[in-house]
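For reference, the structures are reproduced in the following blocks.
You will see subunit A twice below: alongside subunit B first, and alongside subunit C after that.
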Partner chain A sequence: MKRVYVNEKWCLACHLCEYYCAFASTGEKDMARALKNVKIRPRIRVEELGGISFAVSCRHCDDPLCVKGCITGALTRVDGVIMIDSDRCIGCYTCILCCPFGAVSPTEHGAVQKCELCIRTTAGTPQCVQGCPNGTIVFEERGE
Partner chain B sequence: MAVDYLYPEYEIIRNYDRCINCRVCERQCSNEAHEYLGDMGKMVSDDAKCVNCHRCVSLCPTRALKIVKSDHTFKANANWDAAKIREIYKQAASGGVLLSSMGNPENFPVYFDKMVINASQVTNPSIDPLREPMETRIHLGAKPSKIERDKNGRIRKNLPPHLKLSMPVMFSAMSFGSISYNAHESLARAAAELGIYYNTGEGGLHEDLYKYGSNTIVQVASGRFGVHRKYLDSGAAIEIKMGQGAKPGIGGHLPGKKIVGDISRTRMIPEGTDAISPAPHHDIYSIEDLRQLVYSLKEATRYTKPVIVKIAAVHNVAAIASGIARSGADIIAIDGFRGGTGAAPTRIRDHVGIPIELALASVDKRLRDEGIRDNVSIVVGGSIRSSADVVKAVALGADCVYIGTAALIALGCHLCRNCHTGKCNWGIATQREDLVKRLNPDIGYKRVVNLMTAWQHEIKEMMGGMGINAIESLRGNRLMLRGVGLNEKELEILGIKHAGE
Partner chain C sequence: MKKEVSSLKYVIIGNSAAAVGAVEAIRRNDSKGRIVIIGSEKYHVYSRPLISYLLMGKTDEERMKYRNNDFYRNNKCEVRLNTTAVKIDAEKKIVHLDNGDCETYDKLLVATGSSPFIPPVPGLEKVEDKFTFTTLDDAKALGEKVKENTRVLIVGAGLIGLKCAEAISKRKAEIVCVDLSTRVLSSILDEEGSEIIKRHLESNGIMFCLGRQVKEFGKGWALLDDDTGILFDVLVLAVGVRPNISLLKDAGAKTNRGILIDERCRTSIPDIYAAGDCCESMDISSGETKVMALLPNAYMQGECAGMNMSGVDFRFEKAIPMNAIGLLGKHIISAGTYKGDTYIESDGSNYKKLFYSDNRLNGYILIGNIEKAGIYTSLIRERTPLDSLDFELICKMPGLMAFSRETRAEKLGGIRNELVRA
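Up next, the complex of A and B:
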């Protein structure tokens, strides 16, 4: 299955992936209109320390702890992609505690959010990958 | 104390309706021109720090930024223009030589832009390169003057070592040090994929890049940095650099702060020491001396590689080239005064040397007149900006061209001409680790390959229009060129007719 991978060697810590991620879920056509005066809550985050940086988003684990931990069945694995049903999510944050990558995050509305590989966005393909200026974030099939 | 304040040359215009405070401009500017004011919740910019490299403009996800030339002005004066006044202020403050980068930006005539190319109509057929074979392959090196046969009548193979190229373009010498490792790797991989050559410049060859040796020209220059037996053996050809178009008559200087890690090892000098290439080769004061070095290098590589001698285009270039053609060199590279550089004294860059078009035409004519044109191939550089320039150069007599600036632009260079500051925001002319990684060679080499592929298509189109199906048939075919707006003397030197003649 194709997943989002990050080649840390080429990450510039420009944080553009975060903005393209936040923009993707708005459904707007224009980023300025969508994100002006908005505190973004991206599903991908750039971690940086001492000159090393890389973007982290959901790994779509084969054996996902978040799905195991979910007490309402809001998190499910559909064709390898871990999806969140925000109607079922009660905001208990068990998944946030379970995820070893910190890839699940809270939203303003109570339900959690996570990367769904932009399946539900208008673009349809991961926008962090499209927006990365240095080919750092890739969407590809790798040997399992 | 005098007041040296100069109003910035460029202004950063931010459209606050579109700025979303993502701070990518701030994070990407090595000159620290942008800043986020948390308490005000807005981005601000300091125009004085901007070098107009467009990194922030290119990465801004909402197109909120643009850079404009300031309309702040000195009192209009046709003689004392703003640039001259500014330079005096700078020198009055610093007492130093002015430094500049990239090619001569002054308003000298560009002869390539005053020549037009012929096309077939009615009486001679043009060729469609998409339907018929079209040859852009060339060979560089000395051509045998006659066919020799052995006693059985078979042709004796007396061809001196040659370079074989898929198209008449090579990447000119840019040293590892003046440009980054990633820029070097991009050029090396592009050359290998395209079947052409890139040039190490005077900085040695990084050991990782030896694997591209069959597409590498290794340079030997006056400082002899990084030259050793394995280095010479690794390349496909050896270039002796006598001069550079951007700074004829002077040497090179890579400051000690750039001599770090791999660069120090590759150049074989201690970290932190200035790499100073002398103005002359101290063992070359005549053509006879040059011949000694040519043959020393040939001897060292068992006569398996062609030797290139590179000179800057200067006033007596034809006579100098004639000497070089008799020195045993296989290829002469001539670099015109618009050629780029990582750093040169401004006065030298802008006022020394001659245009490559005139130098090429006079060298080609001189060598043909003397019957020694086949002793050498001619490669020209010094601002070849498009495939049309390539075609015109070949028609003027060049076998091949060198491109440096054009290749760097493909890699992301925006010609801000601040290479000498070492803070290149595009990861090209810098050794700062965080900046170097901005040029991902996986992307870079493909862009260079794309550029060359596009040029090759265009060259074929132009050749086809002229009814020529092999680039070799175009070389020195000056009837394919006409001048527009050139005077008699210029036409005479270029060896072309005026349009309409």
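Up next, the complex of A and C:
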């Protein structure tokens, strides 16, 4: 299955992936307009300290502890992609307790959010990859 | 790896999280075998923790289903709801049901969960509107009785009692919560954490009588051991749950407080497995065997049982107590065992405490800011040596930054990336 991989050596800490991620789920056409004066809540997050930086998003684990732990059944695995049904999610944060990567985050509307590889967005493929100016983030199939 | 299993008949007693874990695992390995589920409750499998959200009006019966309506059909399960297993004949491999029927089995899973404990307090029989709070029927019945200004007495300030209090407070009822412990959530919080949560709940109008016990009930009143009297319309008993072990105990299996199982979820009787809240298992953060009544554990034990029942060797050996609970907008996440040295951050409303010793993280409590808590959980679950990472940094900020570059490369996939780019 194709996944998002990052190589921290090439990361510029420009945070563009975060902006492209936030933009992808707005459904808007113009990024500047869509994100103007908005506090973005991207599903991919750049960690940054003392010259090192890298972006982290859901690994779409083969053994997804978030899915097994979810108390409502809101998290499911669809063709390898870990999806969230925000209508069912109750915001208990058990998945945040379970995910070893810190890849699930709270939102303002109660339900949690996580990377779904842009499957539901208009673009259909991961926009963080598209937005990264240095080829640091890739979306590819790797033998496992 | 996969052993060919001919048409086995699997019987599962219980129709909740552990049962679902088992069904999903069995069907990964065996698409043909018969699966029969026997459940006392009359409902399609639902998420038990959601009963408080139902009472609060934040979900409905349709959305609180733990799996979709086509779950049983897709997994070819024969479901006998509203039916209780009354006896297991392990010799003949037969389960007897309360309607006089019986089911034979090749592999049996006992996933009977737990039942609320009713404290033997004098006069309890005189109380008209009394409830426990562990089932969908409980929530519906309680919902009928609690209106604006209803006076509700909740005995028990643990997870279930407080989730009930939260739900009822949204109905503008008057709530008094009594607990023998001097602290709220005493099983998952330390003193300071309990105090923060108690203050938060008090500021939302919930009253507490802690370190107190009801010594007598009458019609609409309770008398505490310090002779305080409390008048109420509705009583909720939430003093704890007991694992449902009697079926297996009577059948001769080894039990303690819960059913004893090994890391493959096998009981002491051949071909009988057990999973979920009815079991005791080993907490790797403390090395003690205990009942860990949690949904994630129930699912994963069910899964483990299902794998082994359908012929694939599988172990579940990373159980730890862990909890995520929200109460009137305040979130708590905790895990592991509270022993060892501590790292503390506190500003009166956000609170963080980590417990560590012998180069390992043993446990943690987070209140308020809970982001990336799972990184701490994984340090406990994997027993990660703390000198393999930047412990000072991870104390302040859970993140992958604290790990070595190599570990990060493994986790995020940088290794292959480098080969590609080099």
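The definition used in the following text is that the second predicted complex is superposed on the first by the 144 of 144 C-alpha atoms of A that agree within 3 Å, B and C clash if a C-alpha of one lies under 4 Å from a C-alpha of the other, contacts with A are read in each partner's own complex, and residues count from 1 in each chain.
The rule we apply is simple: a contact is a pair of C-beta atoms (placed from the backbone, for glycine too) under 8 Å apart; a residue touches a chain by one contact, two chains touch by 3 or more.
Predicted model only: the values in this text are computed from it and were never measured.
When the two complexes are overlaid on their common chain A, residue A:Leu16 makes contact with subunit B while staying clear of subunit C.
Annotation for subunit A, partner touching more residues between subunit B and subunit C: C. In the superposed pair of complexes, A:Gln130 makes contact with neither subunit B nor subunit C.
Of the two partner chains placed around the shared chain by superposition, neither subunit B nor subunit C is touched by A:Thr26.
Shared-chain residue A:Arg3: touches subunit C; no touch with subunit B.
Once the two complexes are laid over each other on the shared chain, residue contacts for A:Thr107 go to neither subunit B nor subunit C.
When the two structures are aligned on the shared chain, A:Arg142 is found in touch with subunit C, with no touch to subunit B.
In the superposition on chain A, A:Phe54 makes contact with subunit C only, not with subunit B. The contact surfaces that subunit B and subunit C form on subunit A in the two complexes overlap at residues 9-10, 135. Of all residues in subunit C, only 21, 47, 49-50, 53, 58-59, 63-68, 295-296, 299-300, 303, 322-326, 331, 333, 335, 370-375, 377-378, 393, 398-401, 405, 408-409, 411-414, 416-418, 420-421 touch subunit A in the complex they form. Looking at the complex, you find that subunit A touches subunit B at residues 9-10, 12-16, 18-20, 23, 30-32, 35-38, 51, 131, 133-136. Residues 3, 5-10, 47-49, 52, 54, 56, 59, 65, 68-69, 71-73, 87-88, 90-102, 104-106, 135, 138, 142 of subunit A touch subunit C in their complex. Those residues of subunit B lying in contact with subunit A across their complex are 17-20, 22-24, 27-28, 58-59, 61-62, 64, 433-434, 437-438, 440, 442-443.
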